[in-house]
Amino acid sequence: MSETDTRTTEETERARRPGRERGRDDGKFGRYGGQYVPEALMPAIEELTDAYERYVLDNEDGFMDEFRERLAEFGGRPTPLQRADRLSERYDTEVFLKREDLLHGGAHKLNNALGQVLLAKYMGKERIIAETGAGQHGTATAMAAAHLDMPCTIYMGERDINRQRPNVFRMKLNGSEVKPVTTGRGTLKEAISETMRDWAATVEDTHYVIGSIVGPHPFPVMVRDFQAVISEEARGQVVEKTGGLPTDVVACAGGGSNTMGAFADFVDDESVALHAVEAGGSTLEVDEEAGVAPNSASLYAGEEGVLHGARTKLLQDSDGQIMESHSVSSGLDYAGVGPELAYLVDEGRVRPVAVDDDAALEGFHRLSSTEGIIPALETAHAFGFLEDHHEELGERVVVNVSGRGDKDLDAAIEETDQRDVANAPDMSMFTGGI
Amino acid sequence: MSETDTRTTEETERARRPGRERGRDDGKFGRYGGQYVPEALMPAIEELTDAYERYVLDNEDGFMDEFRERLAEFGGRPTPLQRADRLSERYDTEVFLKREDLLHGGAHKLNNALGQVLLAKYMGKERIIAETGAGQHGTATAMAAAHLDMPCTIYMGERDINRQRPNVFRMKLNGSEVKPVTTGRGTLKEAISETMRDWAATVEDTHYVIGSIVGPHPFPVMVRDFQAVISEEARGQVVEKTGGLPTDVVACAGGGSNTMGAFADFVDDESVALHAVEAGGSTLEVDEEAGVAPNSASLYAGEEGVLHGARTKLLQDSDGQIMESHSVSSGLDYAGVGPELAYLVDEGRVRPVAVDDDAALEGFHRLSSTEGIIPALETAHAFGFLEDHHEELGERVVVNVSGRGDKDLDAAIEETDQRDVANAPDMSMFTGGI
Amino acid sequence: MADTGNSAAIAEAFADGPAYVPYLVVGDPDYESSKAYVEALDRGGADVIELGLPFSEPIAEGSTIQEALVRSLDAGMTPDRFFAFAAELDVEAPLVCMTYYNLIYQYGDSEARSASNASGEAASTGPRPFVERAAAAGIEGLVVPDLPAEEADPLREACDEFGLDLVFIVAPTTRADRLDRLMDRVSGYVYVQARLGTTGARDDVSDQTTESLDRLREYDVPKAVGFGISTGDHAERIVAGGADGIIVGSALVDTVAEGVAEDLSTDEVADRLEALSRELKDGAVRGHRSRTDTVESA
Amino acid sequence: MADTGNSAAIAEAFADGPAYVPYLVVGDPDYESSKAYVEALDRGGADVIELGLPFSEPIAEGSTIQEALVRSLDAGMTPDRFFAFAAELDVEAPLVCMTYYNLIYQYGDSEARSASNASGEAASTGPRPFVERAAAAGIEGLVVPDLPAEEADPLREACDEFGLDLVFIVAPTTRADRLDRLMDRVSGYVYVQARLGTTGARDDVSDQTTESLDRLREYDVPKAVGFGISTGDHAERIVAGGADGIIVGSALVDTVAEGVAEDLSTDEVADRLEALSRELKDGAVRGHRSRTDTVESA
């Protein structure tokens, strides 16, 4: 507890959400978690841990109040819980959609980015850095930084920059500097290294905004706490609408932030089944020789290891080298996963499921054409799951719509073109891109 | 009104919003409005008028309740009213943003599209048609139609199709048929004619969803009533936040639906100044010879005439031929405007202002970089107005953020490239498009 | 108003036998050819000629006529040139102008209009100057497809002042209460829309036509049926079904468009228009005869 | 643990005079050249040699070393080849392996691991097999940049079991409480990070170095300063400032990279590495001498 804390315990996050204690004290989720970082970053990590405890957990200086207010006003919270009429009919079960796609920026990413940038402000930091792969976390961070008037630098692999130009443009419009990373293969992992490098040199005045529930403690708990607003709202909404808890909650999982966000307040409700849907990519087989796993199913198919500051489940070869992962959705394309999810899977509390590229694309077209919501390709995996597994589900299912698909139009064309997607519209005029 | 109406008057729209009586009875706003349509459509118009009165005004069968619930759940209402910290500082006045950009689909358009598609369902129609120019109204209608399981055909000029491929793709994803219109110049006006043509042949089972407060009665009042939720919410929100009414409400105006939506419930508050910001284009001068007005300032510079079913203010030559209008934002690029706005301008209640392309682009970059919100180019005009006219405004200004700018990234690059936009970021890597 | 029109010539055109009422867009594809075409209609037996004055937003037209309107506008057609054209025409049939209300409403002293606009007041010339000018050019009637009866009183007054007929369109969907309102204001003839949809040549004869004619029987204004008539056969059946005249637009405009597409000479197109007119007129006459026969044999 | 290390050779390297501790990535740019390069360091006067075993996600490295790690991985480096390399080396200086924790943690019986995974249980070989194998290959110490003291106990135990030193890095930002925790677990020498930032050759000598050395004075484990040392001059000043040794990485890796870029012969690159080593070593010796002089003249 902080010395300047003058609020009653009722007002603090700890008191409000006792179900979110996992990992808060020591950053450990059973065997997972921890702080595997270079010594130079340890002080920053400790400073952040302290700030997390004071501002997030104890609401010092009214941090959480301001956070929630900004999430509401700037972000557009609460997002609705919508009954999906046609999916409900199709699966003969009540399907509810948690509409994170309606959040400012078009995905749940802002919940976290806004929380961290605001926290950096409370900590007196003067600069924000972040890495981004496809650009979703980068755009969310750039928006939050502009909103809170913080200079911001986003590291992005050069190859990703070329593939995700609209997102690069959005970050620049929001006043962020986008630094191309030219080392190695020019993708997310090099961008992460480069951001770490920047942080290691600038920790004193800079905060590194990590984009999912990964990385060293306190990131996994902190990002979870910022994203937990999803399940906090959804739980209240589903109870209000139906008078009871859902039987199932479904969310896609890359790093797992929308996933833990959607699960957090349901973990203690033992009757609620939690399904983490990972990218099955083209196949779950791995090519050890090439170091490639053509999927991103680290919960389902990964092994314990240490990556980017935490012990968790990873896609790695037998030496411990990290595999190149793959998914039709770049936002799920990550070889690791949040340590809390790894733990909850081992505990049997969360069920990991892999949905392959084909099923995800069908899910994409199904939600678009029958519900009038074009989902992100990441999110589409959750709907691929629904189609394949609906008979295993109970009578009231909440699916987290983690983001909208406007960013994915080009990819959807290309990927739909490459295969026989049964429920795709005639897209002949778009062959070759938009 | 209707025979089956069993609700108390308190529940009806008429009773709830007496301030919205203008035009309801006869479709007239002073000299403006009316029903200038081919005889074949008159019965449809009369049927629609009847349906409007029963379902919208009298909430028959709980239409308005369902509409509001779907707007909330599917659309994401209420949208926030956000204080814009940095603009407030810049202009030394409290600036609040009404965040219609957060509505599903990315613009206020859905308020109307959802209302009309739902109404068509209540009327027993089996098919939806709509015209679209840049594709904003088309995408909103396609979403609403998918959501409500109504077959939908969108007419779009061939040239517009080629310029707005992402929107075309979105409509197709939502299951709509997009029919290219090849007559004439292949733009919005030909698409309107073609939609009218379809409607004239199919009125019995088809509803034509008009996209703004234009067209014959009851469209102007009906679309206004659907969009009035903007000011209904904003008024409540600003009073709750500040304890008082705003001094000014600002909205861009093309056809004027976000405009009237933002103004509706403030019209009776005489202390509130209402500013309708039109596209000044490159200049307010017109080229009579070529029939081109390089702007879309029909309220500010237009003359009374009859277009697309209503008497209103138009950009026309001295013969009465409609001018080709122009704006950097395709959604404002329309030679007419809603008759209610024409009336309110003549009455002195609404102040029309023209903001040119350059100032709009600066507004676009300003909001993006200082507030972390990338606005639609249409919306950007309202922020161009703020910059140029803030000294004339009172101490509490509400600006309607009618839509987000994701759809405009290409246009923003091209247009920023063509001129010296003082506050644009370095965009050299984007020269030539994304 | 009902059956007694302002224009004696139009009344006469319907007086004995069926009236053949062809339509062309003035200035399509250019001023001079267009004049030759209209005169060919006259030679082909036109009883009344409808002249289309193009408006930039023709919401009531099929694509055939819309394209013709664009051709004419692109070639520089204006209301003033239209009036000059009408005045120069060498035809026997009375002329009816078909156009959209905005052109009628705006016509007049454009300086006065812009002055009133600058002073902040709305312009309000209204339809009178247009009608006055039309009358001077020899126009005897108006059809305004986007002007419903409810909005028509100012135009009706001007027409009466200058002796023009004002033709209204009745659609298959027009309900009884509206029918009265229309028939109260119509003069010259009523334009019976043969089917739903917009203009354009079609091949069948619609049931809707018969129903419409039935509903109109009690009103004794001449009933001219239009929308989709393209052959002598059609014409015959429609007149046999009770029509007092036939209005033919798209089939003739198509002929002009063919001339443009195939780069035919003006004479060649004019000949085709004349021949088609004859066929249509003959069909109408046959239809009328068969009706009279039926009546007589009854 | 503190000052008494497990490796006598490492202790000896720091015993008299300053230690020159060069670093190279094993297998950069290929196995054989790399061996020649490491042996050149030895000839150039290395007292301890740090051998980098490349990991695919090297979050603590500057771009120079990151690129070298990629070159080595692309050329097929694995932990087993690394150990073979170490065993084959013909050098006098004791060897320290620098790598990331995941490679240490995963090493072992891969069949056992995948069996345990298939059975649904997490693998838990832990660091012992790696350390055992390292010891067998002649490695006498480990540096693991992503392993903080808090997570280091299992590795510390394995190192003690097999007689290896475990080197920790102290950063300018390391706070006092953490310093104690680190110094409790360190052995062999402590790696004093000269400045904030990641590895990479720089030109100046940082104030942060002096401060760090001051803070470490009370702990009597040897202090080797690294990060950014690239010339004999640097080396001199740093040792003069109180360091017991200098660690040089990027400057040497740069030399290897130059060889790749300019397509130099292995011998040429080896010669340059040897020469640079000599310069650095000499600088360190000069620095040490000046310090002794100062002390003596004081």
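As written, the chain order gives the labels A, B, C and D, with residue 1 at the start of each chain.
Following the convention adopted for this analysis, contacts are C-beta pairs under 8 Å (C-beta built on N, C-alpha and C of every residue); 3 or more make two chains touch, one makes a residue touch a chain.
Not measured: the values here are computed from a predicted model.
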{"item": "Most remote chain, CA-based centroid, reference being chain B", "value": "D"}
{"item": "Interchain centroid distance [CA atoms averaged], chain A/chain C, Å", "value": "66"}
{"item": "Distance between the centres, which are taken as Cα means, of chain D and chain C, whole angstrom", "value": "96"}
{"item": "CA centroid of chain B to CA centroid of chain C, Å", "value": "36"}
{"item": "Sequence positions of chain C contacting 2 or more other chains", "value": "none"}
{"item": "Where chain A touches two or more other chains at once, by residue number", "value": "none"}
{"item": "Pairwise touch network: line, ring, star, complete, or other", "value": "line"}
{"item": "Chains touching one another, given as label pairs in label order", "value": "A-B, A-D, B-C"}
{"item": "Chain C contact footprint on chain B (complex, rising order)", "value": "31, 34-40, 42-44, 46, 183-184, 189-190, 192-194, 196-197, 200-204, 291, 303-309, 314, 316, 318-322, 346"}
{"item": "Contact set on chain D toward chain A in their complex", "value": "55-63, 66-67, 70, 73, 78-80, 100-107, 110, 113-114, 117, 122-124, 145-148, 150-151, 168-175, 178, 182, 193, 196-198"}
{"item": "Parts of chain B lying in touch with chain A, wherever the complex brings them together", "value": "72-74, 76, 79-83, 85-86, 99, 101-104, 106, 142-147, 149, 165-166, 168-170, 172-175, 365, 368-374, 405-406, 409, 412-413, 425-427, 429-430, 434"}
